[in-house]
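Let me begin by presenting the structure, written as structure tokens, before commenting on it.
First chain written, first letter: the chains are A, B, C, D and E, and each begins at residue 1.
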């Protein structure tokens, strides 16, 4: 018995229809086509970006699609728009549209190979896009790395808050556990540092063992998660919310009191292991694994537990185990993300992992969309970019972002793109009428 | 012994604030079943409103419009400030309900929680943007008189604060348990869709819940201002989260429970700081809470319930 | 761009929102005042360069400060960065500046880690290891006390560091255990009754509280309410007009060590204070004074560099070298020389809060 | 040995004795009914047997094994499937996913499979999809497989619930008012479906109903419950004419 | 006419539930609406008690007043129309007594309330035994009793009943309908929605048949009971 709003006004519908019509030709562009088109655009930017920027009266290639420039220097708006149009929109549009048949054929051809091959081809292209785009400036690289880490955190929190329908507040704590563990791991073993002394192994080994440190961080935070999970999953209700909140305070306070890791001053000097490709690989891995999980019956059991726990148990679902697994799993990834985060910033302190981080991560989850892998990516990327872009607004940034979020919540209460996962197989399919048969034949 | 008693007195005062804010949380959480993460900031707004009202009143008094003895003027200002601020702040709470929560009645509970969180951030930043970065000094409405009994120093402020807090807790508890409005609030927590079928105006009930909670927050803010007279825009954040913990520790829907848990949190914090290195305050206090909840998952006065985030 | 007139961009990395917005404001105001003061230009090798300030908010967060530095360096292509203020942000931001080879000077960060092993990072204030003994010596000489109580914020770099250096210095003077109570709290706490009760119970003759202005007011008032009658001594973080605004009469007669005393200041210091006061309506904090000095150090370095090539990398290197080579600098917060690490050696001032609530000069203590 | 045996089961809710000294034996393939006035304790008996509550006294044996203190999911995976009086479906799962979910305890691919999508997982999921489609076909809901349940008509939802319970491979199927909210037409359809399912799979069925037409036509024997105690047990004919049952439950002018 | 519905149209998002139905209920009548699952019966009742918005062009008149001017709570409190919703919708966290007291929320006449409560307890003695039990722990049938009880206490002019027989034991069902008849005799108009069409038609004076959002038949109960189409579709042949 819910009260739904009446159908939207017709002007909006007409606008939508026009938009859809303009979009029509692009429906038949496969993912491959888009990736190549973007590659062309970022390649173009490398070649002529700077001269074009000079020509338009800017001293630099606009970072983050020019939003930063626009806000700090509104006279530049036309220049930025022209730049974006010439470098991104037009090339991508043209290439995507006119190469669509070609790439549909290639995509269909790729379908003959195992999924892994197709996936690798796409990932390589995606990374090439990212690399070319970001390496124009260190600022872009930093933002790209932080954004990808945010994707891991957001997705892992979505497992708990979206898929499992609990309200967990402990993610900053898990990140802290991962960040500290990974930092101590690399600093003790591979870095000559005045806190932990001489490196035990040759520093050049560090990058190769970095994954071990990250996994270790993930494991430690999963163990921490056990402390939260055992009491909270004994009964139903909002206990997780409160116990996890307490846990977050406990972790923060614990590190503040641990002199070995610098107490409130934190730990610095983490080596630069979390480079763009490394973060990219971990992000892809985490998205792939979490996406796999939520699409399996084991993962769907989370939804069953959320929607009706009693029914789930009556249908043989081991609800306690299901919740535990998902929660520890989510904590693991938050820990990994924390480890990466520490190595991107080269500095962490307990204060980084407090209430504010919590508000940020929660915002990303709910902005992007509950119960949704795509949504988590959308949420993490958009909020990170928006918050970087709005920096020139100083104080008003923290009025505008919350207002935006409230509006999203009011008009789309479950977030922008809720309840969607990738079907990896379908993602790579060729598009449009030419390919219908091909897709089904191989899927 | 004196040392212990002194800490007991300190803890009572500190707990009062947690209690007052926890009650407000409990109103909305226990009653409407929503996390109102803006509540800590509503407390902050209450304190600021109290600041402006009381400075205004003091300025008025100093013009000599009414010539009363110093003590009487201050007492009058305190009472007026309490009343006016509670009313004004209840409007703030109702506004929050209207903007942030009413449109989300049909949404998942967690979404409303996020709106609350965001409204909280807006209140903090808005305060900073409008009033600038300097802290405000809350006027001294209760000239401190310290009584020392057996080595324990007790101030008139402390007694007043503790007294008012207990009074408000009990009064609100009675209201929610006994009055029909209170009953309507509890009903709404369960199923607001059919509430109008009983002839109950849903929106009024929701507004009232937020209004009452916010009025209490204002009282908390003003008392807080008299005890810790430095106001800053972020003062509500940590307070709010901790009071939220207390609200649940008290048991869902139990106003009394929230009050008791608020005081308890105060005790734990003060005594942890007394016995252990005080840096371990949060560490130990929250560990204790985790342990309590492990063995008493429904809090002190709560009943088992199985409702969960509606998605 | 190449067509634009030659400008020098100076990045300001300030906490405009977040925990310490007043610090951000002071930074911003001082920087703007400074820009006015120099007429918007710096003369390098006979050529006038227009100066442009790029002020960015680091939200009082470490990672954000690092991001701000990265942006300032790679996106805005600033020549040099002034800030961040608090050590919490200056430590991570310093790493970025050092890695990207851009000179940075923090006006306020007193944590040794900020500049340690970072040839590109400098600072203007004296360090905690210096200030600790200054206060210990002062109290010993002035009052002849032997039992100290300390109350500090453990979650904040500055108070924690300073409290520890003080403790070390005090115990060197009066022996093991002479700090009878070493009590802490966490940022955001407002009730210190438990700690104060403990300190009093331990028999401390005075309390050292290296805290920020907002906490100072609460600590002093609560101590008085609990019946503490001894002096409460502070550090440079007390040096804000807000301290007296918030604390009122409770703070009159108390002492703290700092960079400069506003009341009774003379010469350039007084000039700065008056200008600031005239423009913004209040007496500048030490942050503002230190920011002012930092900017002037930057200016001196740029001038000493002698010539700007337009190649930003080379110019940054030139400025850094010039900065490292400044041996003597006469600032409004005192005269300073720089060590290897990029830290200044300078004198501290003991200030007494007068019965009118003014910061009056009491004595100077030099290393 | 009986398939399912309940011995001297008693249950108290605080001070309320909801079930008293209840006994039951069900053999393979039987269809048995449980009727009684509202609040007699029927649903409670279901909940006790399926582990939602644990009885204050008494034992429950499934194929001779004591299952009294097992958790609901363990009991369900040993072969007691059920539906609920007020249909408990999952709001955000599709019909197909509902049925597949009931295969949870039969999955063997483990966490490795869930995380990394092994070949074993693909095979198992595929097999379960096929099985689920068969069951949906059996209850006549196959064409709704990809829809969310909330958008479906009530009658279809009941069928989905039935298919879901069947997917647990029950040895005994517990149906709590399977026709509540259905019109006579649909009631007859439901009856046919249950007959069909019973013929094909051959499990035992234990059902609660207030619709006498349904109970009388389907069940071999019927228990009548009042105030938590069995007041009559027998064939439909015996029950229909039992004065105690008429007095307590059916009333004089029964409409069948 | 007490209640006149004209061209009532309702949709849930894009799903059109009612396509413009019109019917009337006279003072003191018992009228029933029958129809298959999903026909829109419950939707009709929800529209009358203003729980869901209606589309423009719909008209509902009650006692000469435009009912659409009243929000849901005023429909109960001022117009005296009560509604026993589908699926009972009790406040399961409150006790039986609290549920009943809440139902009297908008009433001021203490004596009247007490009388009505007594009446509820005399019709459903079982409720009296359970007076301090939480509604959520009542059995299905007990919950249904409480739902009807609440409506009896909240308003007495018109009662909208949505499948009151669902989940009731045969004997109790008789009791409930008898009680409803009594209530009707005392002047309460009843609009009933039922799956159990035979029972409903035996109980009501007039009936309407709703099919996928349209009214397809109307008439005296006896006529409908004997109508072959109705017999085939709704009375089980």
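The rule is short, and it goes like this: a contact is a pair of C-beta atoms (placed from the backbone, for glycine too) under 8 Å apart; a residue touches a chain by one contact, two chains touch by 3 or more.
Source: prediction; values computed, not measured.
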Mutual neighbours - chains that touch subunit C and subunit D alike: A
Label of the chain whose CA centroid is most distant from the centroid of subunit E: C
Furthest chain, CA centroid comparison against subunit D: C
Interface with the most contact pairs, given as the two chains involved: A-B
Interchain centroid distance [CA atoms averaged], subunit B/subunit D, Å: 49
Distance from the mean Cα position of subunit E to that of subunit B, given in whole angstrom: 43
Centre distance in Å when subunit A and subunit B are each reduced to the mean of their C-alpha atoms: 36
Junction residues of subunit D, two or more chains touched: 91-92
Sites on subunit E at which at least two other chains make contact: 51, 85, 89
Junction residues of subunit B - those touching two or more other chains: 125, 128, 193-194, 237-238, 277, 279, 281-282, 305, 311
Subunit D residues within the subunit A interface of the complex: 50-52, 71-73, 76-77, 81-82, 84, 88-93, 97, 100-107, 109, 111, 113-117, 121, 125, 128, 164-165, 167-168
Partner subunit E, residues of subunit D touching it in the complex: 13, 16, 35-41, 43, 85-86, 153-155, 177, 180-188, 210, 212-213, 248-251, 253-255
Residue ranges of subunit B touching subunit A (in the complex, touch as defined): 35, 99-100, 103-104, 106-108, 110-115, 117-119, 121-122, 124-126, 128-129, 193-194, 237-238, 241, 244-245, 248-249, 252, 277, 279-283, 286-287, 289-290, 293-294, 297-298, 304-309, 311
Residue numbers on subunit B that touch subunit C, as the complex places them: 3, 6-7, 10-11, 13-14, 125, 128, 132-135, 137, 144, 146, 148, 153, 155, 157, 228-230, 232, 234-235, 237-238, 269-271, 273-274, 277-279, 281-282
Partner subunit E, residues of subunit B touching it in the complex: 180, 183-184, 186-187, 189-191, 193-202, 253, 305
